[in-house]
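Both complexes below contain chain A, partnered by chain B and then by chain C.
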Partner chain A sequence: MPPLMEVDDLRMHFFTRDGVVKAVDGVSFALEAGQTLGMVGESGSGKSVTALSLMRLVPEPPGKVVSGDIRFKGESILRMSEKEQGRLRGDRIAMIFQDPMTSLNPVHRIGRQIAEPLRLHKGASKKEAWGAAVELLAQVGIPQPAERAWDYPHEFSGGMRQRAMIAMALACDPEVLIADEPTTALDVTIQAQILELMREIQARTGSAIIMISHDLGVVADIADHVLVMYAGKAVEFGAADEVFCRPLHPYTWGLLESLPRHDADDGGRLSPIKGQPPSLINLPSGCAFSPRCAYATERCCSEAPHLVEIDSGHSSACHFSADKDFLNRSPHSATGKL
Partner chain B sequence: MAALLQVEGLTKHFRVGQGVILSHMNKTVKAVDDVSFAVEQGETLGLVGESGCGKSTTGRCINRLLEATSGKIEFEGVDVRRLRGKRLRVYRRDVQFIFQDPYASLNPRMTFGEIMAEPLVIHGFGTRREREQRCKEMLAVVGLSPEHIHRYPHEFSGGQRQRVGIARSLMLRPKMIVCDEPVSALDVSIQAQIINLLDELQKEFGLTYLFIAHDLAVVRHICDRVAVMYLGKIVELGGRQEVYSSPHHPYTESLLSAAPVPDPQKQRARSRIILRGDVPDPMYPPTGCRFHTRCPIARFPICSEEEPPLRSVASGHETACHFAKAFPISAGRMTSGDAHQQDPFGGFDGRPGGNLGDFS
Partner chain C sequence: MLAYIARRVVQMIPVFIGITVILFLIRSPAIVPGDPVRMIVGERAISQALYDQVVKENALDKPLYYQYGRYLTRLVQGDLGDSYQLKRPVTHILFEKLPNTLKLALVALLIETVIGLAAGILSAVKKYSFWDMLVTLSTAILVSVPVFWLGMGLQVLFGVKFKQWGLPYLPVYDMTSRDFSTVVHFIMPGFTLASASMAYAARITRSQLLEVMGQDYMRTAAAKGLSRRDVIWKHGMKNAMIPVVTFLGMDLGAMVGGTILTEMVFNWPGVGLEIYNAIQLRDWPIVTGGVIVIVFMVMIINLIVDISYAFLDPRIRYTKAVK
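Presenting the complex of A and B:
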């Protein structure tokens, strides 16, 4: 049986006046029902564009999928007609956006906005859809949902707006829920509530979640698989425990090493990754990370590595990830793990 | 020895309802309410809390970017709130500011050289050529190339711009810098570079930092002492070690437990306290202890009626809770699973419609 959702060497480029921006340049992963995939990377690494591509929400032009495929239950989304894509979007695959302030319509009542996908996809009557919206608000923990459904977005707090966004995404019982930085705009205590809510929803509905975040802590908290992105490419993929505790790619090492921790004293200095992320128009030749990599060799500057499975289910896009001696040089090998 | 900066009973109220639209409200937001702390020469004091807790307002009052409503701010024994004219300028030379957003805090129409020389011009230091020399030296100190002096902010990334913001704050050789979320707009790998830079500069120039941030991990890394704020009040104040390893206030403990750690195995093993509801509207703060509406160990009526004072629980460690470590928080702790079923928003009494945004 094909996986629920499968992305195969996706390349989404933007053709701009200044040149071709390779925003997503070789991303592959597979997602099964009930799983949570965490996508991490810094700004400009292509996480959000990947998510928007899955929903076919990237404006084309300037964007264009130059190669690769996205399959939902074995069927290529890219080859569907626009109408078929529209039927999938918001129904089978739903998205939660980062900023609930700007992604809710300020002039429509919350209830109406949550009811909209039901009216659209399920052909529900106004009354049915409104009742369902109230029910959904209750499910995501909004007090007095029957009254609050009449509110406008400005009457909700940030955390409540994000709950309303989640209710909207859940309206049609989607099989895949894509969450793009759903907690970034929120305070840490509210973030904990929202993550808890998403866990609860997954346990109840069995939907798959793609969680995009720049916060490694959030991903460690909720994901069971992790995809690390750098300059549009997937550089490491594997089970969360593997990626965090036995990372294979030097970029992942660097990310984990540059993080201060609040649960332990690190004392002394952090070890940041040197330099800046590259421009996506003018990527370095060879491995895109080579100019910042402390272990780069001549080969890294000329030959681009591919994502290769090293251990079962754990892959890395580095020429040296299969080399045991090389891995022993990682900052994590000394202590065994972080 | 007296502290470099001594803040006592600092209070900042914002009047709401002075305009036409909100004139019917005529309310006061107590953004900072009776906050006291001291910063010693050479140390870094962290102010942490969620948005709206008053940490940034506190920083701005200290710099006199905002005028405090009441309270005392003493810098090297001088009453800062009374300073006027020339003496205020001298004070501002000694106490500089680093802003959060490197995109908004640098004038896009000025070159890096002009941006960095401006403090020198205002304070009348040096000739044009000397100023240029200082700018070049300072660019090198913060890890940029001296040739960048003629370039504009838009040509650079966030991390590089923040380096210029830091360089600008150092131009007048200040004694203290108020850093308002200096790394929160930056990516992880760049954030670590800037934190290390701030560390180095502190050693090199003997700086004192007041470090305002919401990221608990960053604060633990960089600060010697930490003050945790909630709704305009300091709820816990102590050495980094003490506050992080044995927090006495339930809010501190909840905050620490809510922030996930980047290690899935550890994260699964941690106990989680999930607070109910939102931070209440600062225009209508709860009576008694301001945290009682969300507190997992609140006892009534004392917590809703009587405001707990900041009391010493160990040497140099103070907390404002009636039940600080009187009994362990785990007695009233909710496990993460049943937090929602119990009462998802029971403690909710915020009035988001009236929320005027972020005071941090």
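Presenting the complex of A and C:
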């Protein structure tokens, strides 16, 4: 049986006046029902574009899938007609966006916005859909849902709006839920509540989640598998425990190192990854991370590494990931922190 | 909401009084040269006794503030005075003409809304296409062409030339021609009056819709599985329409005031033409009365627009209710 969702060497490029932006340049993963995949990386590493590509929400032009495939239950989404894609979207595959402040329509009532996918995909009557919307609001923890469904988005707080967004995404019991930084715009206590809510939902509905975040803590909290992205490429992929405890790629090391820690022995000084992510129009030759990598060699600057499986189910795109001596130099090798 | 409406109505009073002061002053002998008695009686020779009687009847021997008080008192009772030339109450004259002006303004508003919005939506949805270019070009022309020139140009082409060429043609003159049904008479004056506003409406619609199409909630709507058309119609339009409706409403007020040129060109028997004729004859009661009627209507229309604005945009309703 094919996996629920499968992305195969996806390349989404943007053809702009300044050149070709390789926003997603060779990303592959598979997602099984009930699993959570965490996608991490700096801003501009291609996480969001990957997510939008899965929904076919990238405006084309300027975007264009130059190669690769996205399959849902073995069927290529890219080869579907627009109508068929529309039938999947919001029904089988739903998405939660980053900014709940701007992602809800300001002139429609919350209840109507949540009811809309039901009216569209399930052919529910206005009344049925409204009832279901109230029920969904209750499920995501909105108090007095019957009254609050009549509210407009500006009458909701940020956390409530994100709950409403989640209710909207859940309306049709999607099999895949894509969450693009669902907690980034929220304050910390609300973040924890939203993550808890998503975990609950997954336990109840068994849907697969793709959780995109630049917050490693969030991903460590919720994900079964982790995909680390850099400059549009997947640089490390594996089970969450593996990636966090035995990271193989120097970029992942850097990400983990730059987390603030409680048990730091150097007075709590942060150690960020030096330099800036590269321009996606003009990528460095060889490994895209090489200019910022403390361990880069001449080979790194000329020869681009491919994502190869190092341990079972744990792959990395670094020439040296298979080298035990090299891994011992990792700041994580001794302790397996986090 | 009621408190808001009440406050808006109260705010209208000082504006209205201010306008009556200005109108009263510009017809007073202090500013307009000439003997007011001569304006009232016209060119014919009159006796001193009759002259004194006219002065007395019109309180012209009293100080200016007294005259203004008298004028305002009559005004609030609905008396705009009598026409110098026609010797009839100004209210009667104006209210005979007002329906024609209103009908013309409403027809123009209809043309403006239908064509302006359709053109704006078309050019936003098909951005940078041939249609977009066409709309951009024609709106640029309509905005820059003077109304009277456009009106006369239309008359020459669709009235005179089309008739000469044996094509179906349109009436060029007022609204009484027996050869045409009443509706047909509205086409050219309506289009002329609507021209510039229609172009603005198209441009505002285009830019608003383009802005809205880039908003996050449009992506959310697409993520629900709505087709591109439904995303634009169900989620984009109401948001994009808020500024457009405001413009249309304010523009209706401007249009009621701006009918003078169109009515002149088409000899349209409305308030505008009446004011124009009265200015030439120095028939001040009709001029001031006409302006007051128009000002009053503009104020009422603006009030209605403000109220309807609150119904379109829930965020405005909310803040006003909280205040």
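The rule is short, and it goes like this: the second predicted complex is superposed on the first by the 327 of 338 C-alpha atoms of A that agree within 3 Å, B and C clash if a C-alpha of one lies under 4 Å from a C-alpha of the other, contacts with A are read in each partner's own complex, and residues count from 1 in each chain.
Note that contacts are C-beta pairs under 8 Å (C-beta built on N, C-alpha and C of every residue); 3 or more make two chains touch, one makes a residue touch a chain.
Please read all numbers here as calculations on a predicted model, not as lab measurements.
K.L.:
Taking the superposition as given, does A:Pro117 touch the first partner, chain B, the second, chain C, both, or neither?
P.N.:
A:Pro117 sits against chain C, while chain B stays out of touch.
K.L.:
Which partner does A:Leu256 contact after superposing on A: first (chain B), second (chain C), both, neither?
P.N.:
first
K.L.:
For A:Met168, select first, second, both or neither according to whether it touches chain B, chain C, the two together, or no partner.
P.N.:
So A:Met168 only meets chain C here.
K.L.:
Any idea whether chain B or chain C touches more of chain A?
P.N.:
Ranking chain B and chain C by residues of chain A touched puts B first.
K.L.:
Just checking: does A:Gly90 make contact with chain B only, chain C only, both, or neither of them? Give me first, second, both or neither.
P.N.:
Second partner only.
K.L.:
Answer with first, second, both or neither: which of chain B and chain C does A:His154 touch in the superposed model?
P.N.:
Both partners, chain B and chain C.
K.L.:
For A:Ala132, using the defined touch cut-off, is the partner it touches chain B, chain C, both, or neither? Pick first, second, both or neither.
P.N.:
neither
K.L.:
Which holds for A:Thr102: it touches chain B only (first), chain C only (second), both, or neither?
P.N.:
In the superposition, A:Thr102 touches chain C alone.
K.L.:
After lining up the shared chain so the two structures overlap, which partner does A:Ile310 touch, if you call chain B first and chain C second: first, second, both or neither?
P.N.:
neither
K.L.:
Following superposition on chain A, which residues of chain A contact chain B and also contact chain C?
P.N.:
154-155
K.L.:
Where on chain C is chain A touching in the complex?
P.N.:
Residues 215-217, 219-227, 235, 238-239, 242, 312-315, 318 of chain C touch chain A in their complex.
K.L.:
Across the complex, what residues on chain A touch chain C?
P.N.:
Listed in rising order, the residues of chain A that touch chain C are 55, 57, 82-83, 86-91, 94-95, 97, 99, 102-108, 116-117, 120-121, 152, 154-155, 165, 168.
K.L.:
Which residues of chain B touch chain A in the complex?
P.N.:
50-51, 157, 159-160, 187-193, 195-196, 199, 214, 216-222, 241, 244, 254-267, 270, 272, 274-275, 278-279, 294, 336, 339-340, 344-345, 348, 350, 352-353, 355
K.L.:
Give every residue of chain A touching chain B within the complex, in rising order.
P.N.:
Residues 42-43, 141-143, 154-160, 187-193, 195-197, 200, 214-221, 223, 240-241, 244-245, 254-263, 265-266, 269-274, 276-277, 337-338.
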